[in-house]
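Listed after this line are the structures, all set down as C-alpha cells.
Each of the next two complexes has chain A plus one other chain: chain B in the first, chain C in the second.
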Partner chain A sequence: MSDLAIETQSLHKHYGAVRAVDGLEMHVPRGSIYGFLGRNGAGKTTTIRMLAGLAHATGGQMRVLDLDPQINRIQVLERTGLVIEKMLLSSMTGDDLVRFNRGFFPRWSDTLARKYVEVLEIPMKRKFRKLSTGNQTKLCLLLALAQGAELLILDEPTAGLDPIIIDQLLRVLVDDFANEGRTLFLSSHHLSEVERIADWVGIIDRGKLLLEARLDDVRANFRSVCVVGEKLPVAGEGDVFRARIGEGTTEYVVRANAEAFTAHLRSQGATVLDVSAMNLQEIFVELVGKGEADVPMEVLA
Partner chain B sequence: MYLWKYWRESRLVLGACLVGIAVLLVLICHEHLFLDAHPRFQNLLYILPSVLFVQSIPVSFVAWLYGSFGVGHDLGEKSGAYIFSRPRSRAFFVWSDWGFGLTQLLVVVTALNIALGYEVHRMLLAVGDPYSGGILLSNKTVALTTIICLNIAASFLLSALVFSVTYLFTVLARHAKGLMLGAFALLLYLLLKDAVKHYWPSIILPDLIPVEFAHTGQEVTGFVKDLGLSFSIRLAVILLFPLAAQFLLQKRDIE
Partner chain C sequence: MIIRVQPGLGIPIYLQIESQVKHAIAAGVLKLDDALPPVRRLATELRINPNTVARAYQNLERDGILRTVPGGGCYVNGQSPGLLKSEKLRRLKPLATQLAVEAKQLRLGREDLVQLLENSYDELNAKEPGEA
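And then the complex of A and B:
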C-alpha cells in the first residue's frame, strides 16, 4: 500500500486550446489534511473532477487510494466521500437523501448519519432546494461522512458560508474525520481556513502546482527580508524568490535559508532592516498573485 | 435505491395515467362512450386499427413525458456530479432509467388496452357476439384476447420508441428540455418519411406506429410481413437509443 492517498503524474486536462490542468504533479500523503489552494479558474475543480472520475484526463496518470480512477472508478467512489457541486437532488428531503445514499455504500453508517444530523443541526424534513446554503453544504458533508470513506475530497466546502457554520464544519472535519487517520483533501481559496486545519498545502495556478509542502515547513522557510544597499542580488538567484525594489529599500521574498541570505547581504555591505515570517496568505499572494506563470514547483518537505 | 428515485419522479405521471384509464373504464361500464352513439356498429374490422391509432396520441405523449425523467433531467438540475459520483457505472443509471421507464409504460399500455378491449367486447355483445368472442378478419376469426395482446405489443413498441428517442435527447441536451428536441426529431422523421414516399415511391420507410400489428389476418402491410420479425427489428432499433445514451455518458465529462 502506497503512503500516498492521491498521486498525480503529469496530469493534463485540455479544453481545446485551454490547458485547465497542465502537467500536475501532486502527492497527498495518507492521513493528512491537504489544502489544495488556488485562485478561481486555477484548475482545482477540474483536478477534483478527474480524481472523482467525472472528467476524463487528456494525459498523465493519477492514483487514488492506489487505484486509477479512470479504470477502477467504482472502487474509488466506494471508498471516497466527495462534495463537489453541492447540488443534490433538489426535490428530496434530507431523510430521502440519506435513504437514497445508503443503498450505494456498503460501509454506510446510519448511526453516523444521525449523529451529524444532531451535531450540525440539519433540518432533515425540508426539501434540499428549500434549505439555506449552509444547510445544503452541511447535508452534503453528512452524506459524505456517513458513507464510511477513507478519503474525503471537498471542493470549496466553505464557499458562501458564514463564520459560525464554517467553524462548525471545520470542527467536524478535523475532530471526527481526520483525527481518525483518514485523509482529508479540500480545495479552497479561503486561506485562513486552510491554514487553521491543514498540515499539507498544494498551491495550483494555471493548471500547474507551484508549491507542495508541509504547512509547518512553508511557515518556517518563507521569509520577507527588507534591505537597504547597493548592487543587491536579483530575483532568481539562490533562494530569492522575488525582489521588489522600492524607494531606497529592496524587499525580498526568500523560499529558504533566510539566515544565510541575510548574512550574505550584510557581507556585501547592505543593511538588513527587517526579516519577518510570512503567513500562508502572504506566501500565496507572492506565488500566484503576480501572474508568474512559470515559477518552478517547490517541494520543501 | 436508484429505482426508488426514478419512482419518486415518475409516480405522478403513472398515477395520473392509471386514474385516467380507471375513469375511461367507468365510462365504458356505464355505456357513456360511443357504444350509445352507435348501438349497431357493424364494421368492427375498422375498429381495431382505430383503437391503435386513437391510443397512439395519448400513449406517445405519456412516453414523451417519461423521456424527461432520469439522468438527463439530473444533468439539467446540476446534480449530475452528485449522481455520477455514486459508485455505479454510468451504464447502470441509463439502463435503470430506461428499464424502469419502459416497465411503467408497459403497465399504462396494458391497462389502456384492457379498457379498450373491454369496450370492443361490449360492442361485440351489442351486435350479438356473432363470432363467440372473436372478430372476423379476412374470413378468419381472431380471438379478442389475441387482438388485445397485439394492440398492447404495438402500442408498447410505439411508446418505447418515443420514450427512447426523447430519453436520448434529454441526455444529449443535458436537460429535460431535450424533450422538445426529441419531439422535433420524431416530427422530422415523419416529414422525411412523407418526402421519401413522394420522391421515391418504391422506398417505404416504416411507420412510427407499427400498423402491421393491427392488420392481423389481412394482408400484412409495412416493411416486414412477420410479426415476430417486425417486433424484433423494432426492438433492436429502440435499443439503439439507450445504447447511444450510455455511450455519450461514458465519453462525456460530467459537469
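And then the complex of A and C:
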C-alpha cells in the first residue's frame, strides 16, 4: 500500500487549445487533510473530476487509493466519498437518496446515516432541489460519510454556507473522519477554513501546482523581509521568491532560511527593518497574484 | 486547561500546542500526573488534523515533559526535562536575543531588562506549589 492516497504525474486535461490541467504533480499523503487551493478556473474542479473517474485525462498518470480511476472507476468510487456540486438526482428526497445510495456501498452504515441526520439537522423528507445550499451540502456529506469511505473528496464544501454551519462541518470532518486516520481532500478558495483544518496544502494555478507542502512547514518558513540598502539581491537567488522594490525599501518574500538570508543582508551592509510571518492568504496572493513584471519564477521556469 | 491555536500566526500549530502545554505546566495550571486532553478530543475541539496534535504530544514526550500510558492517555511527567544544561541554554538563546533586541529598540536599560525577567520568573514560582 502506498503512503499516498492520491498521486498524479504530469497529469493533463486539454479542452481544445485550453490546458485546464497542465502537467499536475500532486502527492496527497494518507491520513492528511489536504487543502487544494486555487482561483476560480485554476483547474481544481477538472482535477477532481479526473480523480473521481468522471472525466478522462488527456495525458499523464493518476493513482487514487493505489488504483487508476480511469480503469478501476467503480472500485475507486466504492472507497471514495465525493461531495461535488449537482451530482445528485434533484427530485429525490434525503430518505430516497439514502435508500438509493446504500445499495452501492459494501461498507454503508445505517447507524452513521441516522446519526448525521440528527447531528447535522437535515430535513430528509424534502426534495433535494428544494433544500437550502447548506442542507444540500450536509446531505451530500451524510451520504459520503455513511458510505464508509477511506478518502473524502470535497469540492468547495463551504461555498455559500454560513459560519455556524461551516464550523459544524469542520467538526464532523475532524471528529468522524480525520480521527479515523482517513484522508480528506478539499478544494477551496476560502483560505481561513483551510488554514485551520488542513495540514497539507497544494496551490494550483493555470493547471500546475505552484506549491505543495506541509502547512506547518509553510508557517515556519515563509517570511516577508523588509530591507534598506544598496546592491540588494534580486528574486530567484537562493530562497528568495519575490523582491519588490519600493521607495527606499525592498520587500522580499523568502520561502525558507529567513535567518540566514537576513544575516547575509546585514553582512552586506543592509539594514533589515522587519521580518514577519505570513498567513496563508498572504502567501496565496504572493504566489498566485499577478504582480506587474514580477511573475513567479515557477511560471517562468 | 484550554488550548487555543492561531492558524494565521506563522508559527507551526504543533509548536503552538507545545508552548501552551509548557506554559501551563510552568504556571502550575497543569500539575504532576494531570491528564492532557486526548488527541482526538483536542483535534475535534480545535478543528485541526489529529496528526498535528499527536506530533506536539510526541515532541513533549521526547523532551520528558509528558508521558504516555499505552491506551490510557497522556500525563504530565514528574521529572524535569532530561536535557544537559548546555542544551537548555541553547534552546533559550534565540528568545534571549529577541528580548535583548526589543529592549534595545525601546531604549530600555540592562538593569530594567534583568528586573523584568526576574519578575516574570518569580511570578511563575509564586503560583507553583513547591514541586519536588
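We take it that the second predicted complex is superposed on the first by the 288 of 301 C-alpha atoms of A that agree within 3 Å, B and C clash if a C-alpha of one lies under 4 Å from a C-alpha of the other, contacts with A are read in each partner's own complex, and residues count from 1 in each chain.
By definition in this document, contacts are C-beta pairs under 8 Å (C-beta built on N, C-alpha and C of every residue); 3 or more make two chains touch, one makes a residue touch a chain.
Here the structure is a predicted model, which is why all the values come from computation and not from measurement.
Within the superposed three-chain model, A:Ala52 lies in touch with chain B and out of touch with chain C [touch as defined at top]. When the shared chain is aligned, chain B comes close enough to touch A:Ile84, but chain C does not. Of the two partner chains, neither chain B nor chain C is touched by A:Arg30. Shared-chain residue A:Arg114: touches no atom of chain B or chain C.
In the overlay built on the shared chain, the residue A:Arg102 is in contact with chain B alone; chain C does not reach it. In the superposition on chain A, A:Arg244 contacts neither chain B nor chain C. Within chain A, not a single residue is touched by chain B in the first complex and by chain C in the second. Contacts from chain C toward chain A in the complex involve residues 5, 7-15, 40, 43-44, 46-52. By the touch rule above, chain A contacts chain B in their complex via residues 49, 52-56, 73-75, 77-78, 82, 84-85, 87-92, 96, 99-105.
Remark: chain A residues 31-33, 167, 170-171, 174-175, 178-179, 192, 195-199, 215-217, 219-220, 222-223, 276-281 touch chain C in the complex. Within the complex formed with chain A, the residues of chain B that make contact are 1-2, 4-5, 8-9, 74, 77-89, 251, 253-254.
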